[in-house]
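Labels run A, B, C, D and E following the written order; every chain starts at residue 1.
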Amino acid sequence: MSTTTMEPQGPRPSRITPARIGVYAFLVVSAAFFLLPLYVMVITSIKPMAEIRLGNLFSFPLAPTIEPWIKAWTYACTGVNCEGIKVGFLNSFRILVPSVIVSIALGATIGYALSFWRPKGANFLFAVLLLGAFIPYQVFLYPLVRMLSTVGLYNSLPGIVVVHTIFGLPLMTLLFRNFYAGIPIDLFKAARVDGGGFWAIFFRLMLPLSTPIIIVAVILQVTGIWNDFLFGLIFAGRENFPMTVELNNVVNTTTGEREYNVNMAATILTALVPLVVYFVSGRWFVRGIAAGAVKG
Amino acid sequence: MKPRFFRSIAAQIALLPAWLIVIFAYLGTIAWTIRISFTSTKVFPTYDFVGWKQYERLFATDRWIISGQNLFIFGACFIIGCLIFGFLLAVFIDQKIRAESVFRTIFLYPYAMSFIVTGLVWQWTLNPTLGVQQTVRNWGWQDFTFDWLVRGDRAIYVIAIAGIWQASGLVMAILLAGLRGVDQELWKAAKVDGIPTWRVYLHIIVPMLSPMFVTATVLLATAVVKVYDLVIALTGGGPGISTEVPAKFVIDYLFNRQNVGLATAASTVMFVTVLVVLAPWLYSQYFRGQRGRGA
Amino acid sequence: MATVSIRDLEIDFGTLRVLQTLNLDIAEGEFIVLLGPSGCGKSTLLNAVAGLLDVTAGQIWIGGKNVTWEEPKDRGIGMVFQSYALYPRMTVKGNLSFGLKMAKTPSEEIEKRVAKAAKILQIEPLLNRRPSELSGGQRQRVAIGRALVRDVEVFLFDEPLSNLDAKLRTELRVEIKRLHHELGSTMIYVTHDQIEALTLADRIAVMNGGVIQQLASPKEIYRRPVNRFVAGFVGSPGMNFVDGTLSLGAGAPGFVLSDGTRLDISGYEFSGNAKDEQPATIGIRPEQVDLKEKGEDATILPISLNLVEPMGADSLVWGHVSGTQFAVRIDGDDHVTTPVTVDAFFSPSQASIFDKTSGARL
Amino acid sequence: AEKAEVIHWWTSGGEAAAVQQFAAAFNAAGGEWVDAAVAGGGGDAARTAGINRIVGGNPPTAMQFNTGKQFDELVTQGLLSPLDDVADAEGWKQHINPLVLAAVTRDGKIYAAPVNIHSNIWLWYSPAALEKAGAKAPTNWDEFFAAGDKLKAAGIVPVAQSGDAWTQVLTFNNVLIGAGGKDLYYKIYKDLDVDAVKSPEFKKVADIFAKLRDYTDSGMQGRQWNQATAMIVTGQAGFNFMGDWAKGEVIAAGKTPGTDVGCIPGLGNQEFWIGGDVFVFPVNKDPEATKAQKLLEKVLLSPEAQVAFNNKKGSIPVRDDVDLSKVDACAAQGIALAKAGNVVESTDILISPDVSGSFTDAIASFFSDKSKTSDDFVASIASIVEGAK
Amino acid sequence: MATVSIRDLEIDFGTLRVLQTLNLDIAEGEFIVLLGPSGCGKSTLLNAVAGLLDVTAGQIWIGGKNVTWEEPKDRGIGMVFQSYALYPRMTVKGNLSFGLKMAKTPSEEIEKRVAKAAKILQIEPLLNRRPSELSGGQRQRVAIGRALVRDVEVFLFDEPLSNLDAKLRTELRVEIKRLHHELGSTMIYVTHDQIEALTLADRIAVMNGGVIQQLASPKEIYRRPVNRFVAGFVGSPGMNFVDGTLSLGAGAPGFVLSDGTRLDISGYEFSGNAKDEQPATIGIRPEQVDLKEKGEDATILPISLNLVEPMGADSLVWGHVSGTQFAVRIDGDDHVTTPVTVDAFFSPSQASIFDKTSGARL
């Protein structure tokens, strides 16, 4: 050690503090907790059954195989149908695309009308919609079944689209309303002075501005609708069962031994779309959550 | 006077679908549900009037009481767990760390997954003969026990853990947004005042973030009331009926047990509870002191 | 160019009455500034003229036509907003032509008008840019251009400069003035910045609490404010107010301060109904006080000074008159050593005297 | 071909093989079988889907119920077609077991096609496991527990039990009939007699049921019935309470019921439980679909299909005019009991789904919580019986 | 009270050098203002003094002690921020005492110090309020109080007034000045508002691009700016600049404008190295020009005027000198009819002349 006391000058000598190490330790441990299930899923899905029977859930596969994935996708059975969950995958898409489009289109229009035009009863409408976002679905299920069947939409593709639209509307409206609330009202007034009507202002002025929130809405709706189980089960009809319902069927259909690897593969396949959406657009996802959750 | 209504006639037309949905899908169904809850309906609606009978039976049913208790236990653990864990994550992520976005991504990805998926994965991971317990035993600790999933008195906590796993990232995201909104000068002021960082968080930041905490709590609370998929996939209500929840009660009686009257009474109770808790918050968030923007 | 006439206008928001029986007549080609503190109803009045909100009672006439229930686009008005409210995703050209397209104007006519407006405003090279690629001043011109292409007769401005920094504000003020000279249109301009009001207006309407307090030329407003509110609101640093009582009995009229000092106010022109012994407030602007020379009709004002604020060209000297804070503006070159008590001078003819309770000019 | 969309919940290996027999027979008869299997919850999910579709006006061609009251309200609402024309033509009334026939008849009309007779109250055991532990097949409950202790000592799971609530109910009914007897069973389920619940006989049943809990393993939760059955097929466990459909799993595993896996109907009091599955045919407007329904009704109860189906399924045919020579040893035991009149009707026939659900809750919550005493159990059953009156 | 001394300070953010070898010595009890445009490094310098960021090179001494590596709390400094950074959910009292509690000061000592600070700042009645219940001025006092209770010797202010409206700003400026008189502490005050700088400072350090351009008294800065940047930055409306060439050859020294006009600059004191024929810029402040009277050593300045902006006490007259825009400030009572071309007057001794390329004062 040098005997001269160092004169403070220039940059402080940097040091790695215990606090810093603690921060990273905490984060890494937490990350492990969050990744654990994903790890288990992936690892198990590529193990042959023989290894799974050994019971070591976390061990690395000795003889990795993609057979479970193929089976899950193409010929896992639900009852006597052994077509895998690819059917559900297609169904989920057929439900997803129109539901996302319709609910967003409607949410955007309503959000726009509520923020800028404030017609009579707008507050009431908004209040009910908001409340609707928080009410347990169970309240609606049975009457909706009856209502949809009265108009002949029960157990059909349009039916499930309507249901997703109904239950997606509060969040979409809120999202767009909050977004439009952040757009200066002056912009709207200027367009009014320029002679723009309801639709002209919406299509020419507001929609081009709405790209960011539309992205957010698409992300939220895609993950939300894809992940839905209850509505798919009750309203979609057998022909249109979405992937989550198929997954549940596959997992609960057992012939003798439970094929954990196939089930895990099916689970990953089911979670794939939302996960991809999420990983590709994580930043927007965070923003979307914030926008949807907090007053704009 | 002519103007307001006619001027916004296009707006009214645009809102027509919303009105239809609100009137039929929301208000109509709620009214219908409440009405049915006062009848003796089994599978098909009968419009008699039996007073509070369904409600009396409801609160005399063990399973409903247990469902309520479970909801409370689950709700408390889930909300408090998410808030604490989510807050810690947000605080640690806010420490100017490397690879921040990687960590953020990891903490939030479960929120993108379906409860069905979450439930299945945790069911397998925590299954005593298959998952963590067995693994640790295979490592040599033969006495290691973690069998909460199959213990009636503990299973509900497992559901809470799975829920926390899924939703604390959400809390993190909300609080992180709040933390990032904290005036940097406040940190400097605290540093000049010589206040240790953890105390700044505890005494200054947490109180400042209270609106975010409230928002997060409301979101979590509504998830609690709706919780269904998670229970279905994780325990199916078992062992026994130890992890039953109200939402599952309603669905079961609605569709399997063919007692719609009782089911609607249960959902009415849920609805009223949510309304009572939520209405003040909604009002203060969205309608109080609202300044018109004119049109 | 058109007259604008507002008759008995009332506007309520719910239970809140924002404008009360307001009357205002604006001549052709006149530049009127609405000046007042935040929340006094300036924007509300402007929006009512534009047709952007519904009036509760009263009428609005533009160019001799009752337009109370007309759509904004049919009123012959153009509006320039504080934020300029340019359509962000359209080019400058798109911004200018949007209104015309809405009115289904033929496209060559649109081309022609846009070209003309662009020429007047000197924004030809910018036509293909987006608003985000423009400077503050260029944005303002585009915003004005949007009204210009529509050949409007009345321009409405809602605090168009308040978002800008001081330097740009000065420049654009000059620009607007020039444009008014050039176009000769009627202009109604809202601001809460008194410098803007004083420099731009033909007449200023000072508003407070939804009521027009005074409608007069800038000079008149500055020199002879009709009440204490107007006097205090216009001028920076503000007018000094000292309480006291009138003494109109024997001899020259006087104003007795609370510490007993009697100021001779011989040159002051009372507007009427001033009574002897009436409690009143005298208002003197900082630059109306002279520490050195005694002007012709000057009156002595004893003042104790305790702080000098040099501001470059001038300095402000702060002190007290009869216990009330009082500022005096002196030349930046002049020197005062504080603290000191001196006899200063002011000319009563330039001062204002207000009733103590009602605040009305006496 | 007439398309028939059939909702059912036969999704396990043995079941799927069985239902395939119906599909084949129907296709052979000129129809087109559209399979709509919905897994889960012992039929809960499938019934949910089916009822919703019927209520929603988009009914399937046919849908499965358990023999009993599950479809009562569909009948009351006039949503089901009566099958009397086909029944008369096919001689159902002469050849179908009268108890079963009664269970599908409402106001003198037949509303469902019963396809099998299932007996729920079987005790299955693994001779290999018992032998290894040095035990022998029990004839009463004391012997059962003695064997259980030996199995435990040998490190073999005594009772392979599933965690699903309905399998625990099934185990309970086994005990109730086996240890309590037919009278007690009827007093409770049919007469809803509270005194019977509070009787010493029922207390004994409750004690036995309580004791059973100690003979299950910790893997019970999350295990499905067929996995439990597989445990005795492979000798991992000694006993399994399950319905006769367990045989399907046994057969699917290439073993022979009666020899490789032992069967005891109603340990203690030998009784044959009559339950099973039926298909209902919702009213619909489409004449094509109605035609398909008629064809399906006929095919389902045709003697050939009956034999083919029931052999795979493990149940016994509802008709007595079919060739019973090929039935296995266990089924033969059952048929003999039925002939002797030692039969009980299933709970689905006796009580409504609502009440049955309450029983399920009480039984499952007792069975999976060892801290609850048999007195608690008696009290909870008593309150259900009280409330169900 | 303590001296502050900054020696060869350098600060980098990554590759960006924000401060370059900066030296600054501040005497005990002095009020120093750091003035400069946005982004010039004022806050960076202040934060370095406070210890809120690490220096790249150089030293910081406070009160004769090298504190380069000390923690902020140990430097004897208090800091007042633009947003005040009050702890939002604590009462005023909590805000004042929190730092002391953290330092484990005995509670009666805390009481005493809080009471004393509250007295000095006249915020005793506010002690139990939350920051959100305070006015802008009151908040500022609490923020100052937070430093006061800790008995610091150096106060650092980072644009404490820039969030406030004009009126309040004027008041609080006076308040800060008063406090400085009372406490006598050393104060370093950052602003980009030149009025604040001129009114408050003992000395002003005008900064640009991380370098101190001029460190001098306000008067000196206003009268004799060392370069064109300082001249242009201080003063509002800004100094008029007209390009031309020096003509130092025969006869009286002159400044030749681009249109050939030759201005007589006899009274001007060159600071040295001015060369004949050198391209240069002359700077004249608007108030240094007189339209009417010719002062003692005045020079004629031909100017064409085209717009009058009355601003109450004064008016600005806009025009051109040799094609360059030029503003003249006249008394509000004076009258000018535009457009007109007149001969105005200015005194060369008050003007500034800069090198055209380097901008340095000649």
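Criterion: contacts are C-beta pairs under 8 Å (C-beta built on N, C-alpha and C of every residue); 3 or more make two chains touch, one makes a residue touch a chain.
Values in this document were obtained by computation on a predicted structure and should not be read as measured data.
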Steps needed, at fewest, to go from subunit A to subunit E via touching chains: 1
Number of hops, subunit D to subunit E, where each hop joins two touching chains: 2
Among all chain pairs, the one with the most C-beta contacts: A-B
Distance between chain centroids, defined by C-alpha means - subunit A, subunit C (Å): 54
Subunit C and subunit D: spacing of chain centres that average the CA atoms, whole Å: 90
Gap in Å, rounded to a whole number, between the CA centres of subunit D and subunit B: 38
Subunit D, residues touching no fewer than two other chains: 48, 52, 55
Of all residues in subunit E, the ones touching two or more other chains: none
For subunit B, residues that touch 2 or more chains besides their own: 4, 129, 292, 294-295
Of all residues in subunit D, those that touch subunit A in their complex: 5, 7-13, 16, 19-20, 23, 35-40, 45, 48-49, 52-53, 55-58, 224, 226-227, 230, 249, 252-253
Contacting residues of subunit A [partner subunit E, same complex]: 7-12
Subunit E - residues contacting subunit A, complex: 54-59, 66-70
Interfacial residue positions of subunit A with respect to subunit C in the complex: 184, 186-187, 189-197, 200, 204-205, 208-209
Footprint of subunit B on subunit E - complex, ascending: 47, 50-52, 71-74, 77-79, 81-90, 98-99, 102-103, 146-147, 150, 158
